[in-house]
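Here chain A shows up in two complexes: once beside chain B, once beside chain C.
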Partner chain A sequence: MKQWVYLLPLVLFIALAIVLWQGLSNDSRLLPAAMLNQPFPEFALPSLASSSQIITTKDLPKQIILVNVWATWCSSCLQEHPFLVELAKQGVVIIGLNYKDKRADALAWLKQLGNPYQLEIFDAKGSLGLDLGVYGAPETYLLDQHGVIQYRHVGVLTPDVWRQRLIPIIEVLKNG
Partner chain B sequence: MAKIYSIFWLVIASYSPCLSAMEVYQFDSTEQEQQYQRLTRELRCPKCQNQNIADSHAPLSKDLRQKVFEMTKAGKNEQEIKQYLVARYGDFVTYQPPMKPQTWLLWFGPVILFFGVLVVVIWQIKQKQSQKMPSIDLIQQQRLEDILDNHEDEH
Partner chain C sequence: MIPELGHFALILALLFTLIQATIPLIGVAEGRLDLMVVAKSCAWVQWLLFVIAFACLVYAFVNNDFTVAYVAKHSNSLLPLQYKISAVWGGHEGSILLWALILSSWTVAVAIFSQRLPATMVASVLTVMAWISLGFLLFILFTSNPFERLLPNFPIDGQDLNPLLQDFGLIVHPPILYMGYVGFSVVFAFAIAALLEGRLDSAWARWCRPWTLVAWCFLTLGISLGSWWAYYELGWGGWWFWDPVENASFMPWLAGTALLHSLAATEKRGVFKSWTLLLAISAFSFSLLGTFLVRSGVLTSVHAFANDPERGSFILIFLSLVVGGSLTLFAIRAGQFKSFSQYDLASKEMLLLGNNLLLSVATAVVMLGTLFPLFADIFHWGKISVGPPYFNALFIPLVLGLLFLLGFVPLMRWRQNDLSLLVKQALPSLIASLIIAVLLPWWLAEQLNIWVVLALFMVFWVLSRLVFDLKQKLQHKRHPWQAMLNMTPSYWGMSLAHFGVLVLVVGAALTSVYSIEKDVRLDIGGSVSIADYEFRLIQLKDIQGSNYTAVQADIEVYQQQRFVTKLFPEKRLYSVQKMPMTEAAIDPGLTRDLYISLGEPLDGNSWAVRVYYKPFVRWLWLGGVLMAFGGLIVIRDRRYRFAIKSTKSSQSDGLFAGETS
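The block that comes next holds the complex of A and B.
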């Protein structure tokens, strides 16, 4: 009994070291998505091309789609853009949610860099962004055929993320 | 010297990161204003973590302050506003996490740790006490008293 007590500090130290070690590989900027497995929030917002054209939840295609939150002030979005264009060429349906941006800037960006989006929603005040729980651009949401959010990726959508995280979910959705 | 000090303090003051309340809002009542102040202090900025939305300069915090203001003005109570934001940003957004199985360790951990330490300390004290006083027999007791008596007589 006595000897066991002297081991206690070592055991506690090892336990603490393991907890802290795990903390090192834990990115605190990644927050759990509160909107996961919930329907995409209702919205009615103008399109990027024209303020008179209103896009609503009903206009979202009834298939597996990506909703990409982007803005011209977001430098990571610039880094992400070529891969989105490539995905669109492969036939992936991407909806653009232009978040707290200037219309003219956003249109010039798409003209210059190519437009991977089937629909461009213009969310100047970030109201849909708030309903989605967006806390930074870029963010990408994966929606299933019923418009339910299946995955959220915060940060640049890289080919690695696409292969390792999104494709497995899409496979399950297609087969299920 | 005084001049250098004043320059020093001016520089410090100009870097102050805690200039809060950047917008001016008009409330219908002091209750509403107090509710707004309480909520913005208790809600956490998802972008610049470790700051509440009252202190944060992030554009997202500004949007959240605006939302809290609008909802407060529309007559929503604290609970409703918190639920609205937790539904969108998760439990992370509040500095007072709700009680549920995932947060039990957070809520009860310190209390459990305190009582655990208390039990160990009491146990150790008891052990020490039982070791400290080796009993002496009657003869030894008599001798001890004799010595003490003699000692007192000398004075």
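The block that comes next holds the complex of A and C.
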């Protein structure tokens, strides 16, 4: 057998390692450049409460809002939930995007733990999630008055993240 | 004090690992035995220090020491004792400590059972294992210290263990799985030692085989347990989800299975030497890759572990050093291991080659599917999700192919076979199996499914060959029972493991195709029917567990008006984490499981309920257990028997020399 054949595994591994590095340094906590400052993708999806009520992009309030991607199968969402309820009490407008979930499970969850959402979009197949480039739940998007995505946070929205990352952007949006 | 003692033990372990990773190498280079044996004593000391560290962490959990951050995050004073102990490996830091403890246990095992091996080989193997241990110790001490304190402001009570993990399956699943994962480090170390020394003979392969087998048995058991746990605990009734974390354990298993088979050829015929080395490196590399995937968070998964990019980069650097380094060594040295044996197309060598080819393709399929979202992201192919349809479409034909080859195992001899005789022997079995595979499901299930027919076809084909082979072996014996007892453990173990594969395949095929699932609304006094079983909801009860409250349904099951059993599914709410959990109730059976789980309360006294009828689902795990058990029997074979006392060695060496067939 030719000597170079023995080099093949190493070459393949180096290629793989480069991809893994990319995957790691691709900080998924940040929005991919492609979606930043882009309008929220067009969608028409049923509401969580009833499959006959359709929510579209036009139904999103024309103000600074958070879009929170959540699901009952996601344990981190449970951890995040009380803080969302608190934010809603403070008057922050939060839109819920229920992602790849079961309707009954999601409704029971909101009934049990409180509902921080003004609108609940039901994305059972994850099609809007796909357009948004959702990595997993929870994720939170900050939209400005014109429905343009200004920031994306992957993972649990904690009080720290809210204070340090989101409030400064919201301040700028309000004043600008 | 105790947590600091544990921390200190880890630092000391680092010191001894450093010695173990360097001094013996000098010994090997200079041919000094006194330096080589340092490896063994260091292995012992290192292991003892790990045991102390681990015991300290267990102590902190049992005594509710919530000043320790890890304990506060994963335990609670109300948690039952057995879960307090299993919570030790319920989170990242503790799992990695368990990993390291198990690695050092394997190292000590090598030190104990290697009396008959050349001193240089033992020293090299222990050195390689020390380098791996070193990486994990640094990882623990710098990024994942389980003993970190929350002082002065510590919580009064802990955040509790994730309710999903409060279960028997999760007490035993991780340690057994890790025994398998980490166990491949031994054969990895043997491979590196062989590459360094430039020596790879039949004896080397014989040393490697029991180590590989034990690790493989543990991994098989661990994966089966994980699948069983997912089935009864997640409440979805599924047994395999092609989830990245599951795949992470499946890749080393596939590579390890290929390795077992290629080691057989290397031992008996001295062929596939460099390929065996590559598989030995791969099996452990996939274990490390799995750890990286699970711990770094590059892939999102249902298993949503807490993860952290810093830990991810550490493991990736470590992975690159270990795998990159060993593959570089492989590229330089592997060319010198030539195989001189000749073999024909129809030979056991070719059969094993085919097995290896299919298993390698299967490993690649699983790896590509798992990493595909990552590739798509980097190369901007858009968001493409890879799910069960991809895996099933590629994986099922590979399994059928493997079964087809498996049928030839008893027929095929080393080197060469008479092809026409082979066809003559195989053809009747093949035809008969096909007929039974069509008739049986037609008769019993009244509907034909192509996948069931194909799976049963292959299963009956292999089964018939296993039986014929046994019959042929006993045909001319005067005392068939005596002759059966005299057959080697290798033969029995292999046949049992292969039989386990058949049992597993039957379970997978039948349960996938013939399962029935119903989502209904059930009132008290109401009933639901599924596959001639009737489930009646008698009453609902509120119950209070130590750290949860629950609603329990009392359900009676009837089969054609005959009482079968009572089932008690629960919906629990864990008090600390406010997490609702579904506890499914299952009536297990060899030919079918009845499975019921509570969904959500609807208005009034009714509940959304999900019932399943799952035929032959137990066979999946039974098959896994048989495979692992078969592997354990093979280890009993006398040619693998380790010499603990070197005094015996002269006598047993004779046995080794006599071993040929």
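One rule holds for everything that comes next: the second predicted complex is superposed on the first by the 142 of 176 C-alpha atoms of A that agree within 3 Å, B and C clash if a C-alpha of one lies under 4 Å from a C-alpha of the other, contacts with A are read in each partner's own complex, and residues count from 1 in each chain.
Rule of thumb we're sticking to: a residue touches a chain if its C-beta (ideal position, glycine included) is under 8 Å from a C-beta of that chain, and two chains touch if they have at least 3 such contacts.
Since the model is a prediction, treat every value here as computed from it, not as a measurement.
With both structures placed on the common chain, the touch criterion links A:21 to chain C but leaves chain B unconnected. Applying the stated contact rule after C-alpha superposition, one finds that A:7 touches chain C and leaves chain B untouched. Touch criterion met: A:133 reaches chain B and chain C at once.
After overlaying the two complexes on the shared chain, residue contacts for A:113 are found with chain C alone; chain B is out of touch.
In the superposition on chain A, A:100 makes contact with chain B only, not with chain C.
Set side by side, chain B and chain C differ in how many residues of chain A they touch, and the one touching more is C. Residues common to the contacts of chain A with chain B and with chain C across the two structures: 28, 126, 130, 133, 135-136. Interface of chain C with chain A (complex): residues 162, 164, 274, 278, 281-282, 285, 292, 296-298, 300, 302, 304, 309, 312-313, 316, 319-320, 323-324, 327-328, 330-332, 334-335, 371, 374-375, 377-378, 383, 385, 577-580, 599-601, 608. Listing the residues of chain A that touch chain C in their complex gives 1, 3, 6-7, 9-10, 13-14, 16-17, 19-24, 26-28, 73-76, 78, 104-105, 107-109, 112-113, 126, 130, 133, 135-136.
Against chain A, in their complex, chain B makes its touches with residues 46-47, 49, 59-60, 63-64, 67, 86-90, 92.
In the complex of the two chains, the chain A residues touching chain B come out as 28-29, 31-35, 100, 125-126, 130-133, 135-136.
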